[in-house]
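Heads up, the next two complexes both have chain A, just with different partners, chain B and then chain C.
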Partner chain A sequence: MGRVADTAGAGPVSAQAGVVTSSRPAWLSEAAALFAKDLRAEMRTKVAISAIGVFTLSALLLLGLATAALKEAQIPIPDTDLTRPAWDPAGKMALLWVLLCFAAFTGLAHSFVHEEETGTSLALRLSMPAGAVYAGKLAFNLALIFAVALVATPLYMLITGMPLGPPLVFLLVMIGGCTGLAGAATIVAALAAKARGTGALYSALGLPILFVFLALLLNAAKTVYAGPQPALDVVKAVGGLFSYGILLITVSALTFGFIWED
Partner chain B sequence: MTTAQTQPPPTASPPPSAPEPPAGIQGAAWKWGVGLLMCYVIYGAFFIARNAVGFVGDSARIIFFHVPCAVLSSIAYFVAAAYAGLYLFSSHPEKRFNLELDAKSAAAMELGFLFCILATITGSLFAGMQWGTFWNWDPREISIVGMLLLYAAYLVLRSAGGEQPDKRARLTTVYILITLIPTVFLVWVVPRIQALQSLHPTSVLANPKNTSAAYKEVLYPSFLAFILLFVWLFQLRFRLYKLGAKDRSR
Partner chain C sequence: MPARQAGKTSASGPGRWYNSDKVQREDHNEASVAWEGVGHRFGARSVFSDVCAQVEAGQVCVVTGPNGSGKSTLLRITAGLLQPSAGAARISVNGQPLDAVARRPHLGYVAPDLTLYRELTGAENLQFFARLRGMTLSRDDLIARLSAVGLRGRGRDLVSAYSSGMRQRLKYAFALLDQPSILLLDEPTANLDVDGAAMVEQVIAAQRRRAGGGVTIIATNEPREVEWGELRIRLEPGR
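Showing the complex of A and B:
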């Protein structure tokens, strides 16, 4: 019964938010209320955060174990006395993103599946328009994936010796990557929850979308570590990454209503 | 729950079945027309076209089958997306969606999957002959395998979409519209990423000066043949759906 109260709690909060800042549009305060409710429910049970946390930690340890020999290995370049790293930094970053993609797809399904399982989606549908629901869920998933990336990336750097590169470009790639990841995961979670799907369906629908995303990330990673680059190339690589995430979120916002309303 | 909105008043069975005979003649015309054209393409590929400069042995002859399949596999996605968009956004009073549009988008997706598999296999054969490896993560190979994954994921969703045709249609059409973004990136962006160097001879074909008259004599009919094959299969698939729908409404 406590779960039903989660959604019912959205009413007073949204009213409060409306009083505090009346200049905000209605959907924004509704989305903020949904975000606050999701956060409170998550703090109560910690289902998503513990699932992602344990998955990420064990995956990091497995990776560290499997790649221990590769971390510092050098390969001689033929016909010279020079060597190059066996596992280049761009490759290290690509593997970090593979890890984050799978981490996202273990925990983010929770956002919509939980509403369907407990039957609270009907109450949610009554209390706010579809756009606000999408915005709230997206904000929650974004917060979750940013938190995971914030913890996992330094650990990954320690384990695999991935360098930082130019800090600003690195930061932009991480932000662009997380945005795209949350955008893809949120709309696919909504689809999978409606299709009465299991976790297998969620990954089957989501990973093909992330396939292109990983190609773009790989390109951006190569830009990060390729040394000094023309500014235009950096803008192209990082911009491509951002445009993918933003386009995904835009189309999701336009079509979410069709999935959400029965 | 029939959605026979395009047809005249949904009266009892006899009148709508009146235009059936032409469909038989039409079917025969399609079958013979496409069949003969395909025969010409196969003949032309082996007897009209010569070995191309810069290609290993006879490997260039696969162009006549691989390129139309690859082009069609991406066109099919856009056809499906057009029908999906029409399905979702063409407004209907009392929220009655036109399920025929969904069936058309599903037919396009199924055929796209078929042509995508064919393009992948023929492309891989070419790569094996020309570059010595069947798979080397060339940008075009990334594109085609990404498309293959998207098509497969769509079919998975369609089979998991549930029993209600209306709900399944909404979920699958939304998925097509969302995956349109990866598709656009796969078709136009990924092959142009500079970090991924390509060996694919796109630029050779894109310049008309590089193709001899003999190649054009076969390549253009080959495109026509594959497009007609697509249209014919599309019609067959859609007719099958309509028969199924009629059967269900009985």
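Showing the complex of A and C:
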């Protein structure tokens, strides 16, 4: 619990009655304050939500129209009487991640670029340590990408007929994917903002990070729809996805201070 | 160096919050700032070099010089926001030297390139930055802080709806949130009216009188503001 600083002084801020100070501001409470501020500002301006919403809905609409014929289409397997889906579930999931990836990078870049462009990053630098800034921004980006995935995924499944597969594996892939995506978007946004770059630089910086991530996602997507298989293979595929996400976030947290203070 | 005591100001009006000599501060942070051969370059261009001076507790130092001479840069270096190309800007509080990051909680910084959140209200801005400093401001305290900078009744307005002078006033409320030992003021009365300039003068006078002695460093070319400091440093471009 905090203490009430009921003493006032001869300094510039002398009327301290009513100020409750915590014993020591921890990075967690600072990150929570930044998250709450970003959420409040976003609810008020709806800049990121609008950007992501417009992109996601228009992409889903376009996908729905373009793939209507492909949705249930079957193609014959040569030399057999059997058929297979023209657009297999793993391919559908890969496209879902492409959609979520673009949606994330459309909106999440806002977090740091906006702070730099409007000059508020200076006030943040003066007021909180780099680690707390990273944690707060990451938490906001995580919340945003999970919200987007929560809305876009069911719609995408409805439009493309993508099956659920084993629910637990599907859920883990979605959580691991969103975590890695938010981690990648956060650090790339920080780099781009400090470089005072915009879209082109953002894409260039994001490519090496995203390439590995998307390859792991594709591998995990195949695992979801490959039917019954050894548990070890599932753990390897999903674990690889989580490991990359955690590694990315850890390395980002360790290096963020150098980017932020540059 | 020429010395002149900053004028005493009355305790009336919006600035009365800054004048409470009757009460003792809980902490007596004695601060000092020292520039040891500080120089800075942007690429091949030297902005200034070999700045050497010491500002002790209770003193006000004014940095002057033409546009582009590096006044703001020197303040940013002092705040630990910019690494100097040569030398060092040292800050000590209670005899304890502080590195670039550790000094920030002891700083109050007002500058043209400092911007608060336009999408938040004035009160929300103060509450947010107070939380980052481990404080929660009560409604009464928010009102007191906003009143002190002449923004009483405007706390619920978005900063985007503020005039440039009101934004400058809000920067003072931000800078003074945590009773900083060191005030760094870049163009301190920019966009302010006569009352606003008087408020700044009161802030500086109170900082000079604070227990333990606060340090104030001002970057300006305004003749009236130059008179506020007993220490003066003149920067010349490229020298």
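By our rule, the second predicted complex is superposed on the first by the 236 of 262 C-alpha atoms of A that agree within 3 Å, B and C clash if a C-alpha of one lies under 4 Å from a C-alpha of the other, contacts with A are read in each partner's own complex, and residues count from 1 in each chain.
Here, a residue touches a chain if its C-beta (ideal position, glycine included) is under 8 Å from a C-beta of that chain, and two chains touch if they have at least 3 such contacts.
Since the model is a prediction, treat every value here as computed from it, not as a measurement.
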Contacts of A:Leu150 with chain B and chain C, given as first, second, both or neither: neither
First (chain B), second (chain C), both or neither touched by A:Val251: first
Which of chain B and chain C A:Phe211 touches, first, second, both or neither: first
Touching partner for A:Ala86 - first (chain B), second (chain C), both, neither: neither
Partner chain in contact with A:Val54 - chain B first, chain C second, else both or neither: neither
Touched partner set for A:Ser127, first chain B, second chain C, both or neither: second
Touching partner for A:Ile77 - first (chain B), second (chain C), both, neither: neither
Touching partner for A:Leu171 - first (chain B), second (chain C), both, neither: neither
Residues of chain A that lie at the interface with chain B and also at the interface with chain C: none
Complex contacts: residues of chain A adjacent to chain B: 187, 191, 194-197, 201, 204-205, 207-209, 211-213, 215-216, 218-219, 222-223, 233, 237, 240, 244, 247-248, 251-252, 254-255, 258-259, 262
List of chain A residues in touch with chain C within their complex: 2, 5, 7-25, 29-30, 33-34, 37, 40-41, 44-45, 118-120, 122-123, 125-129, 132, 261
Residues of chain B that touch chain A when the two form their complex: 88, 142, 145-146, 149-150, 152-153, 156-157, 160-162, 167, 170-171, 173-175, 177-182, 185-186, 189-190, 193-196
Contacting residues of chain C [partner chain A, same complex]: 17-21, 23-26, 79, 81, 100-101, 104, 107-109, 111, 113-120, 124, 128-141, 144-145, 148, 174, 176-180, 183, 203, 206-207, 209-211, 214
